[in-house]
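These are the structures, in structure tokens.
Next come two complexes, and both contain chain A; in the first it sits with chain B, in the second with chain C.
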Partner chain A sequence: MIEAPDISWGALAPLLLVFGAACAGILVEAFVPRALRHPVQVGLALVGTLGALAATVLLAGTREVTAVGALAVDGPALFLQATIAGLGALSVLLFAERALDPARSAFVVSAAVPAGSPRDRELATVPQVQTEVYPLATFAIGGMMLFVASNDLLVMFVALEVLSLPLYLISGLARRRRLLSQEAAVKYFLLGAFASAFFLYGLALVYGAAGSVRLSEVREAVGTDGGGALLVLGLALLVVGLLFKASVAPFHTWTPDVYQGAPTAVTAFMAACTKVAAFGAILRLLYVAFGTAEWTWRPLVYAAAIVSMVVGAVLGLTQTDLKRMLAYSSVAHAGFLLTGVIGLGAAGTGSGLPATMFYLLAYGITTLGAFAVLTLVRDGDGEASHLSQWAGLGARSPVTAAVMTLFLLALAGIPLTAGFTGKFAVFRAAIEQGAWPLTVVALLASAVAAFFYLRVVVLMYFSEPVADGPTVGVPGVPTTLVLAVTATATVALGVLPGAVLDLAERAAIFVG
Partner chain B sequence: MSLSHYLVLAAILFTIGAVGVLVRRNAIVVFMCVELMLNAVNLTLITFARSTGTVDGQIIALFVMVVAAAEVVVGLAIIMSIYRTRRSASIDDANLLKY
Partner chain C sequence: MSDFPWLLAMIAVPAVGAAVVAALPRERALLAKQVALGVGLVVLLLAVLTTLAFDAGGPRFQLTTSVPWIPDFGSDFALGVDGIALVMVLLVGVLVPLVVAASWHEADAGPRPVRVFFAWLLLLEAMMVGVFVATDVLLFYVFFEAMLVPMYFLIGSFGGPRRQYAAVKFFVYSLVGGLVMLASVIGLYVVSAAVLGEGTFAFDTLTRIDIDPDVQRLLFLGFFIAFAIKAPLVPFHTWLPDSGAEAPVGGAVLLVGVLDKVGTFGFIRYCLPLFPDASRFYAPFVLVLAVVGILYAALLAMGQSDMKRLVSYTSISHFGFIALGIFAFTIEAGTGAVLYMVNHGLATGLLFLVVGMLIARGGSRRIADYGGVAAKAPLLAGAFLVAGLASLALPGTGSFVSEFLVLIGSFPERPVFTVLATLGIILAALYVLLMYQRTMHGPARGVLLQEDPAEPLPEGGGATATATLTTPRRTLRVADLGRRELTVVAPLVALILVLGVYPQPLIDLIEPAVVATLDDMGASGGTDR
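Right, the complex of A and B next:
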């Protein structure tokens, strides 16, 4: 006799809404006439993500472990789910932009037609819109929200795949420069599958040592002595798999290529949401399962943080393409986020958890905004992302240049922007845990990184415009909305961060 | 044979798969090496299910198989699309994106 498991459906409402919208999206794709599909799909994806955002707000304060211990609905899970749902809704708006591309959409009409073939050239200018990207992105958002709530390594693995598989596909769906886009998809897929194999081997070793994959039972096996070599080796492999998703150096090699090749709206989505999800899982794993034996992961995270900050800042200097530069910036920010993870401290006594959660929100909003600006500046062949093409943009389009400057300053961590508050919080948490050498490296890396952000600002305002330079498109309602929301939030989180910092502080208690 | 033999065999298979991913150049072969790694994990899981006396490991192995099947669908679709364009599945030919 098998008893039905006890599941608290109310606490899972955010997940159910997003997955429901994704499943309905597939049906829409099959049954709704083509002319209506685009508005219906966009509406459905927005209802799912914004509904999930509202549901997390209603659930605030919930602390429970449900679905027979497989899922934890607690402060960090809800805070990060709300972040992912909000950033996901903004990404959906970016996907829905129809005014910028002359062919009405940044996504390919038929991904199955070989790139460069006569049929493909014919379709390139047809103002037809394909809508498969919306259900795929909604599934990815659902996977990410599941990822940060998983209280069980198996659920974590399934969520990892649910978020990754749609991302592999949508990074190959660009309408222009299709070869680059397909190449990005292949690279992302092969390296992503490689990394999930490591995660899975780590899961198997932890299972062998602890006899269970439930995080609470793993914690009992870990104790304070680490629980033996097998368990520590398993932890190392699990962390490698997760650091890959978070694009932490030295596991970042896919990041620049995929960020550059994927459609810019998809890059914005990946840069913002995947980072939040991956760090949510890293925090939960290290805090809930291995928090009592902090020494087991501290050296690994410490080293990865330093390598990531240095690699991201130094290689970012040499880039000539803005999308690649922002990709290296994402690697450097992953390092800064890891200083917050170091700030977790022994048994989670430090203030690293709220600091990292705030940083994730701030970074996600800023980077999403920066990539949204990139979609505006175009030449005949799509987006003009080469640095030289941005020369003198301040004279040609002052508003675009000003908004981009705001996001770049926030990424650099200049005071009165969201980036500064986030950096301050994670560095303070790291120093409280005695990791001041790490903080010194972080400050130096910030200074180096600030140079390449400011170089773009200087280029925009103090260079002569190039003769046949790119045009700045007039965005439609969706992109305008995204830019307005992200720019406002970037300033608001920098000037008046108190309320959100308090919220993160109060949410920062794991269950399980 | 003791259970540790199976674990060692799985570790060897996993290593062969990992080395294969790093040295082979054909996308399909690289992908097969990833599948070899996943199957090595399955062997490990089943061995541990036996040694710890729980069924969790066997269930997880089933999950891994389903996920691997889904991964094949997505992966082959992506590799096919690039093969149709380039008439080659070599990952060295895909070199438009670098530094």
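Right, the complex of A and C next:
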């Protein structure tokens, strides 16, 4: 007789809520009348994500391994799940915005109609709203939350695919500039599949060497000597797959194109949530499975951090499109995050884990807010993301410009914003582990990156407005809510970060 | 009375005031100015009351408050003043209302709302007070960096023609300095964690721990570079002439009068007591920079054709004196240096304000565009002369006392540097008096010359009337200082003269703090190794 595995359903409540909402969303798509679909879908996605957020709060303090050891419900998992659920709920609100685009939605009516065909032109102005994006995004959120809790390489791989496939799809759903959007989707899919293959091959090698895919058993095989060439090679391949998702240079080449082509709300979602999920998995893999033999990954991460910070900061300087600029900013921030990953001390101590977790939260909020502002500034052909179009925005639309300035200053790491607290935390963690040179590079990269954030501020405030500049749309309730929450959190995490830092500190213990 | 959180109030009042001013409707520009002036005066009152509550003979840090701020970083929201910080806060309190009054019409003509200018000004005041009264190194760093933002917007939004370039240059220079310092700030924390078992940013605790001299040298450099950029010392100075010239006059007064003092304040508050061995190790090097700065910037000042740039260069030269006084490590020189920080703020503040008033009349910053102004505007010329003489440290002005203290204090320890620095005084007389002479005296010339209105044509006298029209007479038309301008200038002139003859009250405040600083150096650093 086969016994049912022992599963702690309560501990899995956040995951179950999100996946439940996603499955229900598919049924809604099939059975609910068209007129009702949009409010029902938005409501369902919000219930799923916010419910998951509430569930993680209730579960705080749980530390257990469940589902036959496949899932770990511990501090870091819950903290990151809450982050993903919260940022996911904000992203859903951005998707739900209907006041900005004259056609009532940023998403295409029928993704299957060839771009530029007569039928497509006909549909372009139809105020019809397609709602498939909500269940897809909810699935992606569920995948991300599974990703950060997976205690097993195979589950990690499944989660990776669950989060990636919907993302590939929704990247291609832009209503305007559809070819660019579809190109982004295909590029993301092809390169993403390539990265998944790396991950899978690494998984196979690790399994071959360790005889198990469970992280705790891998750790026993690794020991302190690394456990042999096969295992180390497997680790390298796994890390490459994860670094791709985290858009760490030199595995970042998809980032600018996808960020630019995808609908801005989707870009916001990817930039914020995917980063959190990918780093959650990196932290778990490196700390839990390979934490006892950190020499196996430290040089790799060290080098990737430097490359990522330098590439992100320097190439960010040359960009003329805001979405691409924020993409390179994302690459640079991935480097800063890796600086925090380096801050793992002996026997799992050290402030690297809480610092990285806090940085993820701060970065997610700030970057989501910045992209939300981007959705407001529009010209006749959708969003006006070219830098030159933002000239003089401060005079025409002071509030929008002020909010954007706040986010840019936070991304640049100016004190009294969330960005500074995060940077301080990760740099401290790195210096505590003696990574002086890395920190110095990080500081220099921060200075270079600050220059391109500042350039936008200069344009908005100190340049004269262009003649036929873009208009700044009046956002509806959802986007206003997103901007209010992200801006408040950005300031709060800069001025009084004590409580959240403390929470991250207390949550920062892995099980397994 | 001493239970009242004076220091917190001096940060909170202008910060709240800034929010109020920013929230006013656009058309209430006058109200915005009045609120800004009111807030400035309240802070001045608070600063004076704080001084009265301060006991010069008491413990070093007084009026302290401390609440946990970021426990995970070991950082407290800790405020407190010693004599040095107190006189700097007083300087802020005096300058801000005067700057508000002097900038009354600064933003009227521009495209940007008037209230924004005053809101940034008040926010800047809150940050400036914060930077001087913080006794937690991380809190100091936060104010130090956050201070950039209001100044950046003041220069960039309300500055001169090249404001974009100047604002970005200012920000990037300061930010790079700040980031280098951040590395040292974190390093200091890590060192304290290694020594004490738990990291801290409390200034008092940090001065008491022994740091390995090699580590000190590294950490010192981080702080020193940030402060040297801020102060600025040659060769980190190139941003100041641009920022000083392009900033609106009020911004320039605070930039040179107070913001740059944060650099020299940082030397004496942080570099010396925290890294005594490193300070001694690097002292000759710093003194070389200081003396080179005194002479080089003075020479450059003489070569300037733009008045605001000239004043900026004179400041760089004077900062050399302050650095000389601080790194001579004697009580007289240190006291003189801090006193100089105050007097220089007043003297250069006045000089910038008067130059700004002249520029407001003529619309040009070039010296060559003015001449013979004194004949028509004696009060303006008089204020210009007082400011100039204070700047070249004539006896009877406050600057003389402080410069003299620096020189006699430094001579026994560093005779060569002191003698070289003395040459700077001669150069100072040259650049100040040349500018004064060219603009105020001599034949009337330049942009203020205006054609006389043509005399009414006599009826029927066609031929002679045409002859007079071809050679119009031009006379200098310039208004003397108005009531508002006199109100701005008079208190500064009075303070400069009073501190010139009776500086003792300030010295009484400053000296114990300087003694304590030098004690810290001796106590934790031991003798020269």
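The criterion applied here is as follows: the second predicted complex is superposed on the first by the 511 of 512 C-alpha atoms of A that agree within 3 Å, B and C clash if a C-alpha of one lies under 4 Å from a C-alpha of the other, contacts with A are read in each partner's own complex, and residues count from 1 in each chain.
Note that contacts are C-beta pairs under 8 Å (C-beta built on N, C-alpha and C of every residue); 3 or more make two chains touch, one makes a residue touch a chain.
No experiment lies behind these values; they were computed from the predicted model shown.
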item	value
Touched partner set for A:Ala450, first chain B, second chain C, both or neither	second
Partner chain(s) touched by A:Leu416 [first = chain B, second = chain C, both, neither]	second
Touched partner set for A:Ala193, first chain B, second chain C, both or neither	first
Chain B versus chain C as contact partner of A:Leu165, first or second or both or neither	first
A:Trp295 touches, of chain B and chain C: first, second, both or neither?	neither
Partner chain in contact with A:Leu205 - chain B first, chain C second, else both or neither	first
Partner chain(s) touched by A:Leu501 [first = chain B, second = chain C, both, neither]	second
Touching partner for A:Ala185 - first (chain B), second (chain C), both, neither	first
A:Ile431 touches, of chain B and chain C: first, second, both or neither?	second
Common ground on chain A, meaning residues reached by chain C in one complex and by chain B in the other	none
Complex contact set, residues of chain A against chain B	111-112, 114-117, 154, 157-158, 161, 165, 168-169, 172, 178-180, 182-187, 189-190, 193-194, 197, 200-201, 203-205, 207-208, 211-213, 256-257, 260-261, 318
Chain C residues touching chain A - in the complex, by the definition given at the top	68-73, 111-112, 138, 141-143, 145-146, 148-149, 153, 156-157, 163-164, 167-168, 171-172, 175-176, 179-180, 182-183, 186-187, 189-190, 193
Chain B residues touching chain A - in the complex, by the definition given at the top	7, 14, 17-18, 21, 27, 30-31, 34, 37-38, 40-41, 44-45, 47-48, 51-52, 54, 56-57, 60, 63-64, 67, 70-71, 74-75, 77-79, 81-82, 84-86, 91, 94, 96-99
Parts of chain A lying in touch with chain C, wherever the complex brings them together	351, 354, 395, 409, 412, 414-416, 420-421, 424-425, 427-428, 431-432, 436, 439-440, 443-444, 446-447, 450-451, 454-455, 458, 461-463, 496-498, 501-502, 505
